[in-house]
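Two complexes, one shared chain (subunit A), two partners (subunit B, subunit C).
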Partner chain A sequence: MAAHTYNQVGKPIPRIDNASKLAGQAIFAEDLQPAGKMLHGLVLRSPHPHARIRSIDTARAEALPGVRAIVTAQDLPDRLVGRYLADERALATDTVRFVGDRVAAVAADTREVAQEALGLIDVDYEQLPAVMDAFDALEDIAPLLHPRMAEYEVVAMAAPAGGNICSLNELSRGDPEKAFAQADRVFEEVYTTGMVHQAYLEPHACLGIHNPDGSFTVHSSTQAPFQLRGMIADALAVSHNRVRLVPTEIGGGFGGKISMQDEVAALALARKSGYPVRIVMTRREDFLCGTPRAGFHIAIKTGVSNDAKLIARTLDILLDGGAYAHGGVLVSWALPNFAEGPYNIPHLRITARCVYTNKPPSSAFRAPGGPQVNFAIESEMERIAAEMGWDAVDFRRNNLMPDGHVSTSGATMDCVMAPETLDAALALSGYKTDQTRPAPNRGRGLAVGNWNVGGMASAAVVKLNDDGSATLLTGVVDLTGVHTALAQIVAEVLDLAMDQVTVKTLDTESAPHATIAAGSQVLKSMGDAALRATEHVREQLFALAVEPLDAPPSRMELHQGDVRVKGAPGRSVPVTNLLGRAMATSGPVVGQGATGNYKRMPSFGTHVADVEVDPDTGQVQLTGYWASQDVGIAVNPVAVEGQIHGAIVQGIGMTLSEEMIFHDDRLANANFLDYKIPSVLDVPPIETVLVEQPAVDGPFGAKGIGEPPIVPVPAAIANAIFHAVGVRVTSLPITPEKLRKAIRAKA
Partner chain B sequence: MKPLEYHAPTSLDEAISILKAEGSQAAALSGGTDLIIQNRARPLDLAHMVDIKRIPELNVLEYDAKNGLRLGAAVPCYKVAEYEPIVRLYPALAEGAELIGSIQIQSRATVGGNICNGSPAADTICALIVLSAICAIRGPDGNRDVPAVDFMVGPGETALKPGEILVEMRLPPPPAQSSNAYLRFIPRNEMDIAVVCAAANITMDDKGVTCTAATVAIGAVGPTPILVQAAGAVLTGAKLDAAAIAKAAKAASAAARPIDDHRGTVEFRTHVAGVLTRRTVELAAQRIKEDAK
Partner chain C sequence: MKHPLSLNLNGDMAENLVEARTSLLTFIRESAGLTGTKRGCEEGECGGCAVLLDGRLVDSCLILALEAQGKTVTTVEGLGDPHHLSPVQSAFAESGASQCGFCIPGMLLATTALLDREPDPDEASIREAISGNLCRCTGYTRIVKAIQLAAKLKHDGQN
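Here is the complex of A and B:
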């Protein structure tokens, strides 16, 4: 453990938002109630996975008493929008591409009237053949879901490749084919993973207001205020400053609240009706129209030498992108950068293809692509070691990437902590390679995970109040408790108590640009911006203190409300005095700080799972779980541990029980009865260890932690199951039915 | 959506008269943990809900060795799961009641409501069948009794006729040297609906070697729960060993008539019906042994 002595950083400080949430005072989008009349909006969604809209007749619905406005694509500019590829509309014009695609929207005096009105809108659909499988989408005879894809604007990262492939991304090094030919053994396998929903507690909700000056205000439960504001403004064909996006408290996101949902529909309804319009999705709508984790098909081929070295690998990954290119394209772009795993493989090629299907658009979900790929990589490491008669831990250790490793993208990786987390997890769990089957039907599994966190720019403002307390003004929302960590950073630099620092989330017209609250990057991106803004404040205070202290700023420090000369505690001046001087001379003290887009940081973790399998039913019971995680410096260890626990629970879900199931081209389990997230009884006791080594570029050495701990979970559990019963299920989730079938096939 | 009128009668006659008068627009409301959800998700065209929880006859919970158990239809599941005579003598019923939903749900949900909902996956119906429960019904035409095994007649359908109310379930006192058990299979550990469920009720001879009576019921594997007579037949009179139990399990699998859906395939459910049958029989036998100690 790294030694550091800070007053606030590194302390397990309770979340600063606990009180408002526990008291039920935090305002979520569904709670919003503007002064005066507000209408309830509902969206008419396609009942078909793929259809042409011949006509929409709203006359009967408009005649219903209490209906105030109905909007269709005709009420909006003819605009295609998208974060990466501009391929979708706020409301469908002539084609719907998944069950749930937005067709029209109604605003009415009550939700009940709006519901009734939806049933009175007559839409004449011509059903088209649906493509429900990523492989089918690749067939020559597959219907083209976006025949005009070639004309779509590439906003970022997308690399459309014709047919139904909305992005094809590939990176390689060396010559894998030649290396396979020279390898002592070559292993090939295919792994698949299911489409999984983020299952946040709070469904999507928004409130749209059309202001008297013609501008728009929209409150939304979003992780991405600035990105979303841009998309909404683009869809409305107004300049970005004409849309004020007010982020609300957010009841969980996990990547599922980055895309646009019903915001434009709400604003169009508000404009047409003259009243604010609130749209709150039902749970069913959220399952149908959310942006889940893509199902993956991963063909993995590995060449090894007899001295237990990884020589060559190819990964051919097919992502089920769903109806529109949301974050699926981002995942496709990112995959070649991280899918090398935590290993150093001289000959490597990673190919990712994101294809359109008539399913909900897939997007980001906690380490998008990470656990899927790690499931393949770490299952293979265990399988290869078993077949070669190698110690699986030694085999891993023999091939882990060293510090300074140059990734497939050409970036040099700093602070590679893979071996350290492996050692920490072995010590924590007592894992021994010759003791992975302690009893019949009981097994123990291990996996090493890697992930690259961060990357996006932020700016922040810190203002000093006249008593010396500080307020951080930021445009980033708090998904994880990270605002508490930001407050700790501000308090640390200014030597304030926690209750002397406020973190205020502002709307997009008030706050400087902020990163999205995703990608495990807020602590680094906004943390750096906040750190620099606070240092800017400190710089101004020191400049103000030069005269009264008769010392240069380089000799000053802040201490409990005073600026003092280092090593001379008697020579000090209260900050409040300096602020008085500032008012009389330079003006109020306001600090600003910013960070540009930055190099993603690698992050590692090693997890160990214990399972017991019921061979008669194939049911898996987790009996213990141990996780070591590379965190840089934990600014708030209790928050970090919370993130690790949460990630493990979500990982357990996608490994054992969660999957969006499509029957007859329809989602069969759009509810929490049949979409099975783990309950508390499904989660074993979890022990964690934080591996601390200051990250080169992180504020106070911190690294992002929200996503990485989900990465090794599926493989750790799958390897434990393998040791328990000697069979390997290569598709997630490993349901009792699949596992029993595998056990029977072996017997 | 229509406005709903809520009634809370305090007598059976009053409840029956409202249900009779309003016909298909009225439903009896017990815990509401199924009815209210169903009415919200897929409006049932109801105009009246008749809350039956304030009717004294539906809140009876008593046991005596001569007459057995009387369980009022509106007794909440948590009371059923904690009632000492049920835990001791009818553990299969306690096991069903304590699996329904969460602790909060169990404070509202009732065994009566559980079976009136008519789901073949109901967590208490298999236990009631193997425990030879009688469902006491009162309606506009008076009282009638229906054996639990005949209470469900199709998915979501019961033997209740318009205007009728399930008043109580009567379970005979268990014979000496007998016990029972209920198990369900779900992919997680709680808060779920049975993929397959099974209950067994076993009576042994004085020596604890030969089975003198056996009843097995399986659920979620057909339109209604299934009393597996063949399983009872192979066990009755047999030495209760692994071979006999395996035959009973096989009979249960053979009797299962499941469907394929997102909760499980025909093949898997058929197999698990056998596994659960074996385990409930073994568990009941184990309990008899423990009681003898």
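Here is the complex of A and C:
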């Protein structure tokens, strides 16, 4: 453990939003109640996975008393929008591509009236054949979901490749085919993973307002205020400053609150009716229209030499992107960068294809693509070691990437902590390779995970108040407790107490540009911006102190409200004095800081799981869980540990129970009864250890932490099951039914 | 048709006309304007809407408002305000048990109900008591710890 010498950084400071959240006073989007009349909006969604809209007749619905406005695509400019590929509309014009696609929207005095009105809108659909499977989407005879894909504007990262392939990405090094021919053994396997929903507890909600000056205000439960603002403005064909996006408190996101949902519909209804319109999704709607984690099909081929070296690997990954190119494209783009795993493999090729299907658009979910790929990689490591008679830990250790490793994309990886986290998890759990099956039907499994965290641009402003306290103005929302960490950073630099720092989340018209609260990047991106803005404040204070202290800034330090000369405690001047001088001369002290897009940082973690399997039912009980995580420096260890706990439990869900199941082309489990996320009864005791080694360029050495700890979970559990009962289920989730079948097949 | 409803909400009388089909959750949030009680599913599956009805933990989305006629309802706002958190709320704060906070009101009421009937619960009872409350953020680990601390704080407060 690195020793901290800080006052605030590294301390387990309670979240600054605790009081409001614990007293039930935090305002989430559904809690917003504008002054005066507000209407309730509902969206009419396609009941078909794929259909052409012949006509929409709203006359009967409009006649219903209490209905104030109905909007369809006719009320919007003819605009295609998208984050990566401009392939969708805020409301469908002629084609719907998944059950839940937005067709029309109603605003009424009450939710009940709006609901009744939805039933009175007559849409004449011509059903089209649906593509519900990623492999089917690749067939020559597959119906094309987006026949005009070639004409779509590529906004970012997408590499459309014809047919239903909305992105094709490949990276390689060496010559894998030649290396396979020379390998002592070659292993091949296919792993698949289900489509899983983020299942945040707060369903999507927004409130749209059409302002007297013709501009728009929209409150939304979003992780991505600036990105979303841009998409909404584009869909409305207005300049970005004409849409003020006010982010609300957010009841969990995990990547599922980045895409545009009903915001444009709410604004169009507000414009047409003249009233603010709030649209709140039901849980069912959120399951139908959310943007889940893509299901993966991963063909993995590995060549090893007899001295336990990985010499070649190919990964051919097919992702189910769903109806529109949301984060699936981002995942496809990022995959070749991280799918090499934590290992150094000289001959490697990673191919990712993201295809359109008539399912909900898949997008980001905590380490998008990470746990899926790691499930394949770390299952294979364990299997290969078993078949070759190698010690599985030594085999991994033999092949872990070294510090300074050059990744498939050519980037140099600094701060590679793979061996350290492996050792830490072994020590924490007491893992011994010869004791992975302590008793019949009990097993212990291990997996090493890697992930590349964050990097997009942010700016921040820190203003000093007249008593020397500070306010950080930021446009980033707080998903993880990161605002507390940002406050710690500001307090540290200015030597303030925590209650002398306020962090204010502002809307897109007031705040400087901020990155999205995703990709484990806020602490690095906004943290750097905040750090620089605070240093800018400090610089100004030191400049003001040159005259009264008769010393150069290089000799100054801040100490509890004073600027003083280092090593000469008697020579000091109160910050309040300096602020007085500033008012008379240079003006108020305001600091600004910014950071550009930056190189992604690798992050590692090793997990160990203990399971007990009932061979008759296939039921898996987790009995213990241990995790190490490379964190750079933990700015707030309680928050970091909380992220690890949450990630592990989400990982348990996708490993053992969660999957969006489609029957007859329709989602069959759009509720919490049938889509089972872990309850407290499914969670074993969890122990964690933070591996601290300051990251070269994180603020105070911090690395992002939100996503990485979900990466090794499926493989750790799958390996534990393998040791318990000697069978391997290669498709997630490992349901009791699948496991029972596998156990029977072996017997 | 609307029916008169009157109940004791966090110690105050709350009265209004409600439709027969209005849920207690909708009454609390929209008629009484207390938005601390959360709507996570409206199907009795998440526990976000949990309140105490005459001291008993219920999912307010599954109960009709009229069923609470003349009864006492406690919501998160009735536990303590931001400046005077109850021992249960303080324990959650100190333990780092709240992340997004959306599930927390329900968790706090489940905890309150538990500690009222079992001041000294073991871990199994704690897990049982919140097994109907889903949380997607915390992995429950710190929530369980918080409830253990809450029991201790309440205990200490009484001595």
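Here is the rule we use: the second predicted complex is superposed on the first by the 747 of 747 C-alpha atoms of A that agree within 3 Å, B and C clash if a C-alpha of one lies under 4 Å from a C-alpha of the other, contacts with A are read in each partner's own complex, and residues count from 1 in each chain.
Convention: a residue touches a chain if its C-beta (ideal position, glycine included) is under 8 Å from a C-beta of that chain, and two chains touch if they have at least 3 such contacts.
Please read all numbers here as calculations on a predicted model, not as lab measurements.
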Check: Just subunit B (first), just subunit C (second), both, or neither: which does A:Pro736 touch?
Finding: first
Next item on the list: Please tell me which partner, subunit B or subunit C, touches more residues of subunit A.
Entry: C
Check: Regarding the shared-chain residue A:Gly642, is it in contact with subunit B (first), subunit C (second), both, or neither?
Finding: second
Margin query: With both complexes superposed on chain A, which partner does A:Leu681 reach: first (subunit B), second (subunit C), both or neither?
Written below: both
Note to self: Tell me the contact category for A:Ile661 with respect to subunit B and subunit C: first, second, both or neither.
What the structure shows: first
Next item on the list: Using the superposition on chain A described above, determine whether A:Gln261 touches subunit B (first), subunit C (second), both, or neither.
Entry: neither
Next item on the list: Using the superposition on chain A described above, determine whether A:Gln115 touches subunit B (first), subunit C (second), both, or neither.
Entry: first
Note to self: Contact-wise, after the overlay, does A:Leu673 reach subunit B, subunit C, both or neither (first, second, both, neither)?
What the structure shows: both
Next item on the list: Please write out, lowest number first, the residues of subunit A touched by both subunit B and subunit C across the two complexes.
Entry: 673, 679, 681
Next item on the list: Mind listing the subunit C positions that touch subunit A in their complex?
Entry: 29, 33-43, 45-46, 48, 75-77, 79-83, 85, 89, 92-94, 96, 98-105, 108, 127-128, 130-144
Note to self: So in the complex, the part of subunit B that touches subunit A is made up of which residues?
What the structure shows: 1, 185, 187-193, 261-265, 268, 271-272, 275
Check: Hey, which residues of subunit A end up touching subunit B in the complex?
Finding: 112, 115-116, 616-617, 619, 621, 656-657, 661, 663, 668-669, 673-674, 676, 678-679, 681-682, 735-737, 740
Next item on the list: Enumerate the contact residues on subunit A facing subunit C in the complex.
Entry: 12, 14-15, 17-28, 30-31, 33, 198-203, 249-252, 254, 280, 282-283, 479-481, 638-639, 641-642, 644-650, 671-673, 677, 679-681, 683, 685-686
